[in-house]
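Note that the chains are named A, B, C, D, E and F in the order they appear, and that numbering of residues resets to 1 at the start of each chain.
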Amino acid sequence: MEAAREVAPLVIVPLGSCEQHGRGMALQTDTVRAVELAKLVAERMAPRAVIAPETTVGLSEHHMGFPGTLTLSPQTLQQVIYEIVHSLHRHGWRKVFLLNGHGGNNAVVDIASIRIRADFPDMHLASSGISALVPDVISQEGVSELRGHSCEVETSQALYLAPELVRTESLVPGTHRRSDLDPAGRLSRMHPAIHFPQPYHRLDPNGALGDATVASAEFGERQVNAALDRLTSFLEQFIALPLPGTPSAPATPHSV
Amino acid sequence: MEAAREVAPLVIVPLGSCEQHGRGMALQTDTVRAVELAKLVAERMAPRAVIAPETTVGLSEHHMGFPGTLTLSPQTLQQVIYEIVHSLHRHGWRKVFLLNGHGGNNAVVDIASIRIRADFPDMHLASSGISALVPDVISQEGVSELRGHSCEVETSQALYLAPELVRTESLVPGTHRRSDLDPAGRLSRMHPAIHFPQPYHRLDPNGALGDATVASAEFGERQVNAALDRLTSFLEQFIALPLPGTPSAPATPHSV
Amino acid sequence: MEAAREVAPLVIVPLGSCEQHGRGMALQTDTVRAVELAKLVAERMAPRAVIAPETTVGLSEHHMGFPGTLTLSPQTLQQVIYEIVHSLHRHGWRKVFLLNGHGGNNAVVDIASIRIRADFPDMHLASSGISALVPDVISQEGVSELRGHSCEVETSQALYLAPELVRTESLVPGTHRRSDLDPAGRLSRMHPAIHFPQPYHRLDPNGALGDATVASAEFGERQVNAALDRLTSFLEQFIALPLPGTPSAPATPHSV
Amino acid sequence: MEAAREVAPLVIVPLGSCEQHGRGMALQTDTVRAVELAKLVAERMAPRAVIAPETTVGLSEHHMGFPGTLTLSPQTLQQVIYEIVHSLHRHGWRKVFLLNGHGGNNAVVDIASIRIRADFPDMHLASSGISALVPDVISQEGVSELRGHSCEVETSQALYLAPELVRTESLVPGTHRRSDLDPAGRLSRMHPAIHFPQPYHRLDPNGALGDATVASAEFGERQVNAALDRLTSFLEQFIALPLPGTPSAPATPHSV
Amino acid sequence: MEAAREVAPLVIVPLGSCEQHGRGMALQTDTVRAVELAKLVAERMAPRAVIAPETTVGLSEHHMGFPGTLTLSPQTLQQVIYEIVHSLHRHGWRKVFLLNGHGGNNAVVDIASIRIRADFPDMHLASSGISALVPDVISQEGVSELRGHSCEVETSQALYLAPELVRTESLVPGTHRRSDLDPAGRLSRMHPAIHFPQPYHRLDPNGALGDATVASAEFGERQVNAALDRLTSFLEQFIALPLPGTPSAPATPHSV
Amino acid sequence: MEAAREVAPLVIVPLGSCEQHGRGMALQTDTVRAVELAKLVAERMAPRAVIAPETTVGLSEHHMGFPGTLTLSPQTLQQVIYEIVHSLHRHGWRKVFLLNGHGGNNAVVDIASIRIRADFPDMHLASSGISALVPDVISQEGVSELRGHSCEVETSQALYLAPELVRTESLVPGTHRRSDLDPAGRLSRMHPAIHFPQPYHRLDPNGALGDATVASAEFGERQVNAALDRLTSFLEQFIALPLPGTPSAPATPHSV
């Protein structure tokens, strides 16, 4: 295993969710997208990367209006991520990448990462989502005004990465125009820097934002390939980075 | 006080930090900016808004390389925000806005908000930062390639909102070109969706990113006025929103 | 989904681990055995049972001497189980069965169950391991004096349920005679009611107790079929049970 | 005290409960049985063992249907055990034995022990219950089909160890045939490896399982003497064990 | 038991410690003093009071310089007290008195009480120490300038309440003049409102403050009888109090 | 900043509250009194003391009957204090004084201090309230029989330290005679050593105990000056104290 660490100094941890994905996609869509993308990344980085077990339940409180969704509390999900990385650290890994398939996990990933960096300062830890890696690829496509969950973007990724997640015949358009939202929903979309998220059962009767019926495996492939290029470009440099040393005291004083 | 709640149904909670702000700004810069902006917002909304006590220490682990910085753990800061809002809820307030002066608090604010929304579903809670409200105003100004802490953006806000925070004669340019960063620093700026933050004492010897020496009260005023317009526009509609009812079960089934 | 609950009132939650399994079995052996057995159970109970996402990391502190093993703390694993069942309860499920593929999780499963029963007294919750269901089938086979991890029992289950978990050519006998243990190891096996567990790297250089080289898919099949019979016999009656009512006060006083 | 540690390197920690014991036994029955047995063990080991203060409240949620029962949460009881042993460790003791008088504490004892072993790897910690030490002595006696709480086994131990715990004239037979249980109760006894415990007020109107009216001090003496023999035989070897060293890395790699 | 609650509406919970008491008193001195005083109180209040199991380990961090002392963390001790009272509340008791034998527990008792009052507003909860009840009786006696632990006051109580706690021949005077303290010790006694406690091994080589050699059972009896009078006078009125109703909103508004 | 630590080795942390102060004083009265007194202390100690950011919300559960009051839980307030001092410790400060403006924080301050002393034994930490420093000055004044919140004592301090806190024309006498209390209120004042606190809305319709209408800035000045003298006298010696060394094992054994 010490040998394994030498050969594969990078660990990718896929983070998923178990949550409603509208009428036509599986509860485990986020988990599977993260795992499948992780495999593609690991292939490109082979043999220098291994994949840790995926987390199968995320932070999905805003989807709990739909049965089948499961959610961990933010604190518990933080601990799960923290303790997985802690275990890897105990075995000597020092380069870990969290590949997050579910946007709802973002703040938890950030906080777990802050705690990990504070407690294990000799390690490099980075993270990303999937769709956020390729906003340019997405906007080129002419997507819906409103989108973000079980939409054409995510459904296309699923169709390319794991088509068994999608029951195409069941797909229906979700709410995809701001004008179709109720007042709180519209206000929640007023300014990207003002956070006022609404539970999904208030946004769409089927829990989808965007139009999954226009999804295609080809659009998914374009997204995935671009994401893969950007991730591997980052990870090549990430693997090459020297480990952070002990924090050195700053040279210059500051006013209290 | 019931009367107070009738007259002032909105509570603004300013969230600050106690952290290094380079050689020329005070440790309490974030707190004071949030409090001063809250006062301006409350003035515009008068008499419909009151201001709760500000939090004076935030999540500043990444600034702890500089003495004088204090930090709470993410979990403790979450609890502080949660319990302040819980107290307000016990007294009957149902519209609360968290005005966050410190970007480092963002993930904590998100998670506290998720927990509050889950536990007090009859309340409307929203939040924002300051600079993030006005990216267009900032980019018009021709700011540094790298910026984000004790830079011309933040220093200008301070010069306008509370000039006593700034010792102009001590200001020096911080790191403001990507090429001046070390390899980890450069990698941390490679793609906005890949999170790989570095502690500030690795980014700049004085803990600043951007060039505070080109700050001006006038630039601060333009930022603040635009932020104020956008916040009050949001808050007018926020106050007018009906309270969320009991979550109703969705009408349509989903696949497990 | 309400329809789903009507049709499938029983949820099976597979509980796994990510831990070393000697030289010839995969880290995810416990998880996969639990998931595969859950599928067989759900098939027999179809359409009355659904399977929740599996937990992929368990309590494996005693295997942390071997790199690749990951462990959650007992408290975190408890919370994960608690919150999964809580989510199911929020959606209306009242019959949940925890199918635990890893003996090291046992105490955590018991405690999570005690808390769940206390907090959700209108629910029926039960749990079991796998090998513990068929001690008679196992002892008929003439197994090693010492066994219990990556032994002929577990390896046979894996060969039957998911042969891809096993690299047969790498299997070597683990420590399988008490006399081969060191003094603490021997003492740990002195009396079944005296708990004095030893970390696995002190018990065997490859982390196995028992002789995996004599495993066979046929022995695995005999175990699995017996386990399946016993589980489904229990679950038929479990599904048929009326839900527990509000606890009624006992009729007779007791001495303080 | 260093002297005390030299003379008495073993500490016995008795773990009790405060819970209903049917109509004829005291709430503190488990605590007193553990303390009295600890005294007998310490006598046999004299002067090499000391007894720590007993815990007087355990995990008794399943008995809370009967007033007078007190219960700690699993997490709190874990912490109490953990912190008692931690205190002993800080003073230099390295051999600790938890003598548990209450079966309901078992999972908590296991988890506290796992945490203690992980955090204090230079210590030897072991534990046991009482009745579980002598199943052969018990089954020789021809006891009830159902038993396990305030039954002839436990009452006999009390009559021998501390007869003031028992009001013989108040003893009545508890539920002692499976056929007298309700359906959930019967199902809970279907297979020893399937955990489906029921609260005691659903099992018997007086909270007893088994027939205390056939208890005798003589049967208690036989049990206690056998338990004593087995415990002291274990503890002699336990005291003689060298302390565990720093965990050495295993020699052979494992597959991820 | 409902009957018991009718007859005995008051529960007394004795709170103890396991900590060094100088050269001549037992580790369990605080616990036994609290239990014995509780018995005397319950006798006077008979049959209206019952005694709950005592806590046997308290908050004794400041005595951990002396082997044999055990300590719980403040949070754990709080939880133990909270959960004992919670259990009593679940059974219907509404008048609980915490009788605290160890001054080091005071802040924990206060905080547990605050939490209990907030969570169970229909209950009356009160608490006291022992020596603090009779400062006048103590000062009449002409005691040492410095005292407070294993001193003539506490030793006299022990000699009266449970003489087996004291090995009279081993008693030696502890530090009993301020001038014998080191500078930090002297400063810790400068002003009663300035808290600057020092660990006991810095105050006295044997851990005692005061002169136990002048203790007497007679002085103990005077203290105990006065404490008993004051406690029972309070408890008579405490039992007679109506239960607190739902908190009514105050009639008059206050400024924010 | 290392320079700052050399020049200013003492940090004062003001602790406040946000709670009702009767009809005529501001919610932030405790915070402001603590901050203003801290400034006066720091002036006298200049340049050897710096002031950390104040905590603005305290433990005020007993005032929650009055809207506008905010409260943290005891555990959260403990953590805030703990983490502020921990941050200071990380930067090298070893002399910290907690100046507490709110009596309701006392037990929390004590417990946070106990934890800090245990975890950072190389630091000196002390604390005090304000009014408790000058009981003699207060009793000379002929104050009300009942007092303690928004009374002449506190209002006078406010009038001297920060007169903007007081709306003199709104002041009304609070409950100031024991005979005006209800039975629980009277019982809560029976003996100073018996703790039976009542929520303030049960003690006075305006939440005040004592008579604020007789307050004066002059009485406030006398209190503040005396408090200042006593604090600075303590702090001079506190600064001069050598740091505590590693706890040395005590020389003499004690009985278990």
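Of note:
The rule is simple: a residue touches a chain if its C-beta (ideal position, glycine included) is under 8 Å from a C-beta of that chain, and two chains touch if they have at least 3 such contacts.
Source: prediction; values computed, not measured.
Matching A-C against the pairs in A-B, E-F or D-E identifies D-E as its interface repeat (over half of contact pairs the same by residue number). Ranked by how far their CA centres sit from the centre of chain E, the chains are topped by A. Centre-to-centre separation of chain C and chain E, using mean CA positions: 47 Å.
Chain D has its Cα centroid 24 Å from the Cα centroid of chain C. Multi-chain contact residues, meaning those touching two or more other chains, occur in chain C at positions 1-2, 4, 27, 66-68, 73, 75, 249-250, 253-254, 256.
Across the complex, chain D meets chain C through its residues 20-23, 26-27, 59, 61-62, 65-68, 73-75, 78, 106-111, 113-115, 117-118, 124-129, 132-133, 135, 167, 170, 183-184, 187, 190-197, 199, 201-202, 205-207, 230-231, 233-234, 237-238, 241-242, 244, 247-256. Here chain E touches chain D in the complex through residues 1-2, 4-5, 18, 27-28, 31, 52-57, 64, 66-73, 75-76, 79-80, 83-84, 87-88, 90-92, going by the rule given at the top.
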